[in-house]
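Just so it is clear, A, B, C, D and E label the chains in written order, and each chain counts residues from 1 on its own.
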Amino acid sequence: MIAYWNTYHEKLLTATMQHIELVGMTLTIAILIASGIIMACMHQERVMNGLIYLTSLLYSIPSLALFAILIPLTGLGRTTAIIVLVIYCQYVLLRSFSAGIQEIDPTIIEAAVGMGMTRNQMFRKIQLPLAMSSIIAGIRIAATSTIGIATIAATINAGGLGTVLFDGLRTFSVVKLLWGTVLSMLLCLFVNVILYLLENALRRRFA
Amino acid sequence: MLVNDILQYFQENFSQYLIYVYQHLGLSIQAIGISCLIAIPLGYISHKHRKLSQMITLSSQALRIIPSLAVLFLLISFIGVGRAPALIALVLLGIPPILVNTTVGFLEVPAVMIETGKGLGMTDWELLKRVKIPMAFPFVMTGVKLALVEIISSATLATYIGAGGLGTLIFTGLGLNRMDLLLIGGVSVAMIAFTTSIFLDYIIKRSIN
Amino acid sequence: MEQTAIEFKNVTKLYGEGETKAVDDISFEIKEGEFITVLGSSGSGKTTTLKMINRLIREDGGHITFFGEDISEMNEVDLRRKIGYVVQQIGLFPHMTVAQNIATVPELLKWDKQEIQARIKELLELVQLDPEVFADRKPKQLSGGQQQRVGVARALAANPKVMLLDEPFGAVDAITRLQLQNELQKIHKELGDKTFVLVTHDINEAFKLGTRVLIMDKGKICQFDTPREIMRNPKTEFVADLIATVKEQEAFWSELK
Amino acid sequence: GGNDSSTENTVIRVGSKDFTENLVISEIYALALEDAGYDVERIPNIASSVVHTSITNDEIDLYPEYTGTGLLVVLEMEMETDPQKVYDTIKAEYDEQFDLTWLDYAEANDSAGLVIKTSVAEKYGIETVSDLQEHASELRFASQGEFDQREDGLPGLTKAYGEFNWKSSTVYDNSLKYEVLKNDEADVAPAYTTEGQLTDKEEFTVLVDDKKFWPPYNLAPVIRNEVLKENPDIAEILNNISSTLDTETVTGLNAKVDVDGEEYEAVAKEYFDSIK
Amino acid sequence: MEQTAIEFKNVTKLYGEGETKAVDDISFEIKEGEFITVLGSSGSGKTTTLKMINRLIREDGGHITFFGEDISEMNEVDLRRKIGYVVQQIGLFPHMTVAQNIATVPELLKWDKQEIQARIKELLELVQLDPEVFADRKPKQLSGGQQQRVGVARALAANPKVMLLDEPFGAVDAITRLQLQNELQKIHKELGDKTFVLVTHDINEAFKLGTRVLIMDKGKICQFDTPREIMRNPKTEFVADLIATVKEQEAFWSELK
């Protein structure tokens, strides 16, 4: 394995970089969309729960099937991969964002309203800080599952660590399979560490 | 054009299509069955032993960061190709969610309920049957649902290693750039995942009310 | 002659590494047919004492007898089936209907189906709930007071000799509570030979319901006597303080008259 | 390595399909171009089904293609078995329809075919596809999804040889078929005649296409006319490569990757250095 | 002369499709400086009534005025900042310290930093918590009674004219409760012109604290008068029943003497 790394680290690193790009773009877009939805629907619990259920159903669709359905529309390649991955993230993100906000003890919200906070003040001073750990947890799960599913995106020419895995399958090389696995696991751990640090920093700021 | 292709496919290959559906469902159901048989008793045992339950949570978290694709592929190197390794891989993927949820389900049975059951004079077995199992059921089912979704999903990939199923249509579609096959495969798998999901949600809801 | 229903002889219960003495070498005797209330502030050892009677908690020292028999030598499942048990959080099984909840112990005892049905009806009437209306409801479709009534009915189902009640009215509002107290007292009187042991930290409740009141503080028994005797001769400072607050309250009411 | 000081700073985008042979050959093309001073961008692993679209969409400049594929799959024309005729046809059509040029084709012919376990072949006395068709009901087929649908796959084969009533037919990823045969989970599989594993004759036998069903699949670079016009010397560079590639050579290169487990880049480099 | 702090004119609140009348056409008037207690059993509409005052709930009919001004015409954020609000479950913000909790409204009002610090100290002393010890603790590091005190301090922070308290002592045990009641009464007296409206279902609490008691049943007002007047002339059967249980309790205690 080490020998393989010594010779082909460039190739592995390229795949990893592609993977990071894929996951990074997905998460950025997904978080933006989820935040937008949450902002818009935060006060309509019904709509929110409906949306979460809908996305949970989408989430249950195998990625390969979603790729297949989208290819006639958006073709092979990164665009399709990112669209699918963003769809998957929505469920995890929406659920954890809204759980974070809805799980706040209603008496705390009531106390805040009763004290004369505006919606905006309440969001900034109460809801956001109290939902923070749940939000970060959601992002963590989304990142983890995106890193996993993104490997499948190699089937539709989106690059990334999946290419290493499929390459390993093609040439029947355990070394490559292991490298593909190890690198995606390392990526996961890396993202988890970053989010952990972020969470700590935020916690220190808010509390 | 595309509609015609799809209709034509069904006219010519309907029995083949049914075989794919049958293979996909068969593999998934078998995998979920075995997963349940292993994970539910294990989950029950682990809720009684703190150490064990911590270990299980930890290792299933570790497993979660391995892409399921990698699990599937790595397994061939150790047990070869075909239906058996596919089944093993799917069971491996199905176990963690059931295990974790079963453990949580039994742990979440409120202490008051257990105490009340005991206070009413239930034996351990009666307590399990009348209180713990019914109260943990929704959690267990949630685990089963997550596992099944994962399994149906990965069963699509299992086509790569010779397990058949609807993934075949998708791969062939990808290989030949045939939109009709892609759509038939993709939509069929989506529908199966969808209905299973809705069906299990219904069971979970009903068991709560 | 009156029989001894429950007896504690030098019973002690330790928690942790023995640092906390939840119950500290207590001895007392309860006769059949009494309505005992156990009064004390939070953490005084009331619940621990109660749960040692049906062996949900094991004593670390001393002996407890149930109608003369040492409970450590009895089969605990059998013991518990002879004892009705009601807790503050009520503990109704949420997945069962009211009728199924009440039928729990009779079913464990494999009573005949019709007998069970008849018993459910009888008990619901006893606790003033219309069987037609309530038998098939789930617990969460009931108000707090109604749930508490079902809890009592369930505990009474198999005709236990002894009823243990741990703050049974803790979760209901003060006005409903007064009502439930009256009902419980009535039930105790109607059933005649049943022994009730009720834990509470409400002085009014303890003194109103108890034929004798067992006052606990820090794991020890301060006094165990009839309400009248306690009012007249408080034995410890703690009891005297309690009595003082009651007197203050009483003074306030008579002033209003 | 790049060649930044080069006056001609055109970057040539060399694509490849997603299997070993195509990867190796395209890497050899890339090395040759770099050696001649071009900057090369490699775009490997393009799904076979879209590689043609990629080049017509100006996403790549050239890639290795097979004459038979051009004829049957891309142009969807009638079957033809003479290599030169096939080449002449597609060269003209590509130029006219897609503005693409087929450079010289190599002698290497990566024809489609069927592979059978040697032991099974001996047991039933199967040497040709016709023999196979007769015994199909006793044999397990390890297909890949595409083969069952493609005109130069099972449907065409059926027209030429008659129905194949396999005892069973299971789809595997193309790369697994030799493993499947080795593990005795199937007896017959589709093959490409240059695949490295076929060097093991004791294990695998390629059946004779006795009815001449499959067209020739000679290897040749397809390149965008525009690029070729600007850099006319590319033709010579790549033609020089093609002239060295015969079936045996290509099979050997494939075997190094698929049997010996070397990396395709390394194999390509070694080969290029040897012919330079 | 005494000013009218709060007035309800024919106020109604419906829930669902109008099946439930949580509050049914009620009218009453509260003067500045009064300590009003609202008494009723669970579901009688007490909370609904209280929350309509600070517009956490909107009335479906009638008018509510706050110091003469119709609250439906006031900016609701401004209105709420003039009203202190304490709920049973306390609702302290768990991510803020005691000091930050108390500072919430002054900060919304953009008070000067030093002013806020001084106010925190003053209030903690008022509710008998040592600022040195408690200012920097998080709510979960406090006992129930201490949390409740912080809740009161927070509600008082910006010197509101009116304080609304919804079962503020619901979560603490009976003995601590007596203590907190006394403290609250003292605070009301010390602050002089503040109007307190406190919801409870504890008769003792309602009659002890209220200068006037508003008794509700099924969304209607049964009686609204001084404790003494209610005791002497209960106006409805429900009130008479309540008084009867109190008298019974009192009789029981004096009998014990």
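Everything that follows uses one rule, which is that contacts are C-beta pairs under 8 Å (C-beta built on N, C-alpha and C of every residue); 3 or more make two chains touch, one makes a residue touch a chain.
Going by UniProt, the chains are A, B = Osmoprotectant transport system permease protein; C, E = ABC-type quaternary amine transporter.
Just so you know, these numbers come straight off a predicted model, no measurement behind them.
A.B. asks: Which neighbours does subunit A have in common with subunit D?
C.D. replies: B
A.B. asks: According to the touch definition, list the chains common to the neighbour sets of subunit B and subunit D.
C.D. replies: Common neighbours, subunit B/subunit D: A.
A.B. asks: Of the chain pairs A-E and A-B, which one is connected by the greater count of C-beta contacts?
C.D. replies: Between A-E and A-B, the larger count of C-beta pairs in contact belongs to A-B.
A.B. asks: Measuring between mean CA coordinates, which chain is farthest from subunit B?
C.D. replies: Comparing chain centres, E lies farthest from subunit B.
A.B. asks: Which chain has its C-alpha centroid farthest away from the centroid of subunit A?
C.D. replies: With centres defined by C-alpha atoms, farthest from subunit A sits C.
A.B. asks: In angstrom, rounded to a whole number, how far apart do the mean CA points of subunit C and subunit E lie?
C.D. replies: Taking the mean C-alpha position of each chain, the two centres sit 33 Å apart.
A.B. asks: So, what's the distance in Å between the C-alpha centres of subunit D and subunit C?
C.D. replies: 85
A.B. asks: I'd like to verify one number: the distance from the centre of subunit A to the centre of subunit C, where each centre is the average of its C-alpha atoms, in whole angstrom.
C.D. replies: Centres of subunit A and subunit C (C-alpha means) sit 53 Å apart.
A.B. asks: Considering subunit D alone, which of its residues make contact with at least two other chains?
C.D. replies: Residues 47, 50, 173, 176, 179.
A.B. asks: Find every residue in subunit C that makes contact with two or more other chains and list them.
C.D. replies: none
A.B. asks: Name the residues of subunit B that each touch 2 or more other chains.
C.D. replies: Counting only residues that touch two or more other chains, subunit B contributes 76, 160, 171, 174.
A.B. asks: Report the complete set of touching chain pairs.
C.D. replies: Per the contact definition above, the touching pairs are A-B, A-D, A-E, B-C, B-D, C-E.
A.B. asks: List the residues on subunit C that touch subunit E in their complex, please.
C.D. replies: Spelled out, the residues of subunit C in touch with subunit E are 41-42, 143-145, 172-176, 178, 201-204, 207-208, 227-228, 231-232, 245-246, 249-250, 252-254, 256-257.
A.B. asks: Write out the stretch or stretches of subunit A touching subunit D in their complex.
C.D. replies: Where subunit A meets subunit D, its residues are 7-8, 11, 76, 154, 156-157, 163, 166-167, 169-173.
A.B. asks: Spell out the part of subunit E that touches subunit A in their complex, as residue ranges.
C.D. replies: Listed in rising order, the residues are 54, 56, 77-81, 83, 85, 87-96, 104-105, 108, 154, 164.
A.B. asks: Could you pull out which subunit B residues touch subunit D in their complex?
C.D. replies: 76, 80-82, 159-162, 164, 168-169, 171-172, 174-178, 181
A.B. asks: Could you pull out which subunit B residues touch subunit A in their complex?
C.D. replies: 2, 64-70, 73-74, 76-77, 149, 152-157, 160, 166-167, 170-171, 173-174, 179, 182-183, 185-190, 193-194, 196-198, 201
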